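Consider the two complexes below, in which chain A is the common component and chain B and chain C are the respective partners.
Let's turn to the complex of A and B:
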């Protein structure tokens, strides 16, 4: 009996391995079916054509590995939601192409008063919401008020900025807005997703909770696309708005596919089932392998993304400036840029990226110098070394590799780094509540003004949830930031921002690893796809065409 | 017994694999050719060569050395989980089987609660709640594993608790605990210990699974599941980075299972 069962087992094992092999074969067959047969069939517009070889000219397939939480433009701070709402809604002004300056969208033009507090917008007259009603001044007032009332993500650019009692509807297409005090970057802020204009019908139909539950999975916009369907966690489908004032988009259907596993998305792209991948989902190592093969093209574009890590200054011994400077000297930046980012990035001394107004090119960059680092630690009385925890979010290969590199770099000066991986929500909760030592994050501004970056990173009121993750506080910086916000004089603002960057470089609340360029993987047949260096979440689906 | 062991080639194979694993774990620093955690990113994703016989991973660490050191982690987890959950499960099972009644009800319904969840899901939620670390995975697996032993021991205790030698011990005036631990337990523990020997492999597999999804070993720990996870994106370009840790898991689990099967055939008289 025992002997027999052993033989049975061997036979079973062999059988199982055959099953596996057969499975592989079948998979290959499916993936390499020549598309010829389908072309013979009569074209049928309604039928779903499963044809991997030839692209459907008016259907665009995009993939991301991060789920879309909800679609309320005033309530979400999720980048994946931004990407969708940018297409569903129009704004008074918008970012277009590869520039970081705003261009007119719903507002044909605007006037700013001498003192910088009164804004008059002249709306275009041919814009219509998706239900056919015209976009009027009342809609603008309704949208901005709603942003303030909801008090979530979008409130940041309106509350305590706009004078809520000042809305003046001059006529259907002219509106005057007063600010409480001058706010230099106001126009730029209106170009972000938070400036989206909503149909005021929302208040009549679903007003009980400001329409929050209604808008979670619906839209009331006037943008180039309407929401066709949404299968949560799977696919969100956008349909072209036939009555769009800017012309109907060429891509009649845009599928936003949620593909959690990057290697699956890569396969789908190589087979032609996808046209474009989320630029954050594939690591540079893999991107390098994909370029120029299987009809895939990698687009390189300048970017404003800065990879950095905050050092929580409320934790010992990170409260000591010398310790932080020592850490800054102990990191081999060039090796990380060359080998983890594969050269797609450059050193940066502060949080204001190169190419943006207010960037200080004279800011101190810490060189890789272990002797200097050890000296500083000794001066701080920490020559014995210490242990800190570095929190990272899961499912990010690049960040994990950076964390491992930092761990090995810092070990050389006696600093032990324990890496802890958390799911994104847990991670956010940890770093915003100040229970972390180090975190590892990247940051892209939503509008191209140093106020945006510096206010969130350095103002004492932004500690924690405001994204001052170093819990940094410096009276002089607070003063300068507030001064620059009030000023309408660009030279004065420029000087203030440059001074802030110099102070931060000395205090080292954050370590800035690199300013990274954007790399997006797309099919060669995708044309007119533009990458905005600042706002990579703004994918202009309405402009894209296919060869 | 030795002859029977030798007469079964699969058991010998299992025994050899386990033997090699133990030797590797004991002498890991001597066997490894490089440091398992030393980063050398300029040398990343090198294919297998004389210098790095299993190649290097995405930050340039030697995969062979990492697998060798990973043996320690895997064996430690397998060993500790079984060693910790086995006595708990056995003693509770014996108590439940011997005393019966309300005690039995209480213990067995508790095990039912644990067994009604798929083990790996329960372990996942416990590990996630406790926070990611290899110690918490160990704890989670112990919590998931003990009810199995309770069940097995209880049923074998029930089978012999009215046997004549127990009756005679009772007639001689032995107290219940003496009967339980001196008479019943030694005679009912064999099935559970066979189960335990089989479980080594499954525990190692479960721990690797939890590390794969990021709940277990944290970087730069050379845990096999974590190694597999970190190299899966680059699998098509660097097959070696995921293949060797995968093979390590495969052979370890296979080895322990074959050995466990062999031990069952030898120790369990009913199977003969």
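Let's turn to the complex of A and C:
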């Protein structure tokens, strides 16, 4: 038997078996989410491909390119985990729809004492954890104590104002929380993912690490969804909680697919295999190409994300206010908004976004004026120009484009910008330790209160690791921030925040490039999908419907 | 007996190599500027929280103490806990490695199946049409970036004609087979789950081919040049003179003698592919080791980085050992030393 023809035969046979395999598949249909999981197991595999043509009305396919690290609501700082824990757990209050004010969730209502230190919450009586046990005051106490004890992301917010002695259980459904000091935005902080309420029976599985390893891939919540399965790096499946006190979720099954490559996700969306993409996944120019084609629709919604860069005031000559003002005048903001964000953003004068309580619409916005900029540089004794380094983190096309535009803008007033790209860990280390000049960043608040943004950006105690990346210090601002944090008088707080924004506009520790709007790519058949300007990773799967 | 002594000796030699690798990896990854605690806690963490976690993670110890602690765990089989996933690193490796191993095996299978015959044809018909065709294919395969090829294949086979899936290891409506080896195709064969077998095989085609494109090209060219040399030897002329058929001479006499460099190259590419082709894994949403490793580096997840490196090193050394043994099988004249 001649060996060559044997080889050829084998190759041919294998090839044919592939063809056969492939032949009985239908990836060319509009969608391939055949029925299965929503009712019961369907052992008959013919039934599986019975009706792949019509989209599954109660199965939702979401894709993100960022892996989900783990699901401990008190331990994670990853947005991709938030998206999941928001659905698995309830909070005392929550942010719903497009509003940035909290609405009742587990707490039906609440009372705040005159001095702003005692909060009394009245819990609803019909809420149950996924194991059937009721949500009680004890669960609330347990959750917040755990958040603080773990000392990770959630503690960052709560440990400032509560400790283990802050709780007083009045009865099963009434709890008093006493703050160590008045904290105006407390109720807003409770609506964040860090305020998730856990089933206290987690303590039975604690181990030595407060249940961190246990909760990494399990959940003990009371939310509209339960965790069905999680194939790490591939897909996480949420199943509707049919007994949810807030009504049965519309989507019975939610598949959160990890599709690391945006181009692949785009193809899958265009094919109808996905319903919605993570809004951070696709760059503005690609989004523009996708709109209105192949059944894809782009949703535009207001957002609270602000793109900015700090000017490190510990570096010369950036310590000079005139130099910073000159730089502010030398940037062609409109061109950046039009060409990089493709118009999906607007100018903003400070770090409090338009639409948030305390926003000051009268702050000084620096216009693009090269003559003025040169004049200011001259006044500062820097007419000869100087060189600064602009740090950016890798893998972000938008930031790279912004950096290049800033480079050419600033060159016109004699300032040379060296763009340096760093891996994210290095970047973070560089800017928080103050070794940078400029660093391009974007910021979204966790709760809609100016205290959040302004404390991070402007309080002298936040310098460096606290994310005051300009290393900005202003006594008056410190005073105002501390005052406003203590106050429960909204008018007084409003005035303080507006004054802070005005001072910062004069001092220019940061350049605020734009307040971006959120753009998400979805199938046309997806309806009732609301984007929260602040919490873009709060995707209300339980309310979405499909046409 | 020689063979066994040879293997034992090589296995013992593995230890200092591995020790060296742990030292290198540990110290190099620790020189990356950045704070793992800060990355876990995110940009909005408090300085006190970061300090507390650093203390807890032992990051404040001098680096040689950290290394000592790590090695102390390692010799007891403890790879540590991933700071990123909060899971034991050994669990993570068990989860991600089979996917990569399956893809690598499949692409190597394609490589051998296509690359070697092409190379032989090419050598036998030197400078004729078949040689030109295979040369063109080989060079295209090597020159095309895997990332680009993957997207183009997806565009065509998934979006346009729609006969192959868009990524992942198995269709969303098929439940993966019971985990035995973690490789879906093998597991579904073992459990007799034909639906899962079909689905996982189909999912292997595009990523397997994309990953194999480069290696097929390399093996084709290597086979060609190695065979050309052999075909010029006297014993080939003798074989023909004795009336051996072309196929018998090519596949019986020439290939065996020309196999050595091909084997070496295969061992190298296999080891390389095991490290996980991040690009292929990304394009096809393949949950493999490559992506796990990149994530680990991005989060300065040192235990995970170490775990991946050690695993790959062990495999690389093992593959090399197997190749060395295969040399002796192919060429019995070689002595074990």
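Quick note on the criterion: the second predicted complex is superposed on the first by the 491 of 547 C-alpha atoms of A that agree within 3 Å, B and C clash if a C-alpha of one lies under 4 Å from a C-alpha of the other, contacts with A are read in each partner's own complex, and residues count from 1 in each chain.
The criterion applied here is as follows: a contact is a pair of C-beta atoms (placed from the backbone, for glycine too) under 8 Å apart; a residue touches a chain by one contact, two chains touch by 3 or more.
It should be emphasised that the depicted structure is a prediction, and the values quoted were computed from it without experimental measurement.
Shared-chain residue A:206: touches no atom of chain B or chain C.
Contacts of A:419 after superposition on the shared chain: chain B is touched, whereas chain C is not.
By the touch criterion stated above, A:252 is placed in contact with neither chain B nor chain C. By the touch criterion stated above, A:233 is placed in contact with chain C alone, chain B being left untouched. Once chain A of one complex is fitted onto chain A of the other, the partner contacts of A:446 are limited to chain C, with no touch recorded for chain B. With both structures placed on the common chain, the touch criterion links A:339 to chain B but leaves chain C unconnected. Contacts of A:263 after superposition: both chain B and chain C are touched. Shared-chain residue A:429: touches chain C; no touch with chain B. With both structures placed on the common chain, the touch criterion links A:152 to chain C but leaves chain B unconnected.
Considering which of chain B and chain C touches more of chain A, the answer is C. When the two complexes are laid over each other on chain A, chain A has residues 2, 263, 423 in contact with both chain B and chain C.
Interface residues of chain B, counted against chain A in their complex, comprise 8, 10, 37-39, 41-42, 44-45, 58-59, 128, 131-133, 214, 218-220, 230, 232-237, 265, 271-272.
Residues of chain A touching chain B in their complex: 1-2, 6, 9, 262-263, 282-283, 285-286, 289, 335-336, 339-340, 394-395, 397, 400-401, 403-405, 407-408, 418-423. Of all the residues in chain C, the ones that touch chain A in their complex are 32-36, 38-47, 49-50, 52-53, 81, 84-87, 92, 95-96, 113-114, 117, 151, 154-155, 158-159, 161-169, 171-174, 176, 195, 198, 201-202, 205, 245-248, 250-252, 281-285, 287-288, 291-292, 295, 297-300.
Taken together, the chain A residues at the contact with chain C in this complex read 2-5, 7-8, 10-11, 14, 18, 21-29, 32-37, 45, 48, 61, 67, 69-70, 72, 75, 77-78, 151-153, 155-156, 159-160, 212-213, 216-217, 231-235, 255, 257-261, 263-264, 267-268, 270-271, 273, 423-426, 428-430, 432, 446, 456, 464-467.
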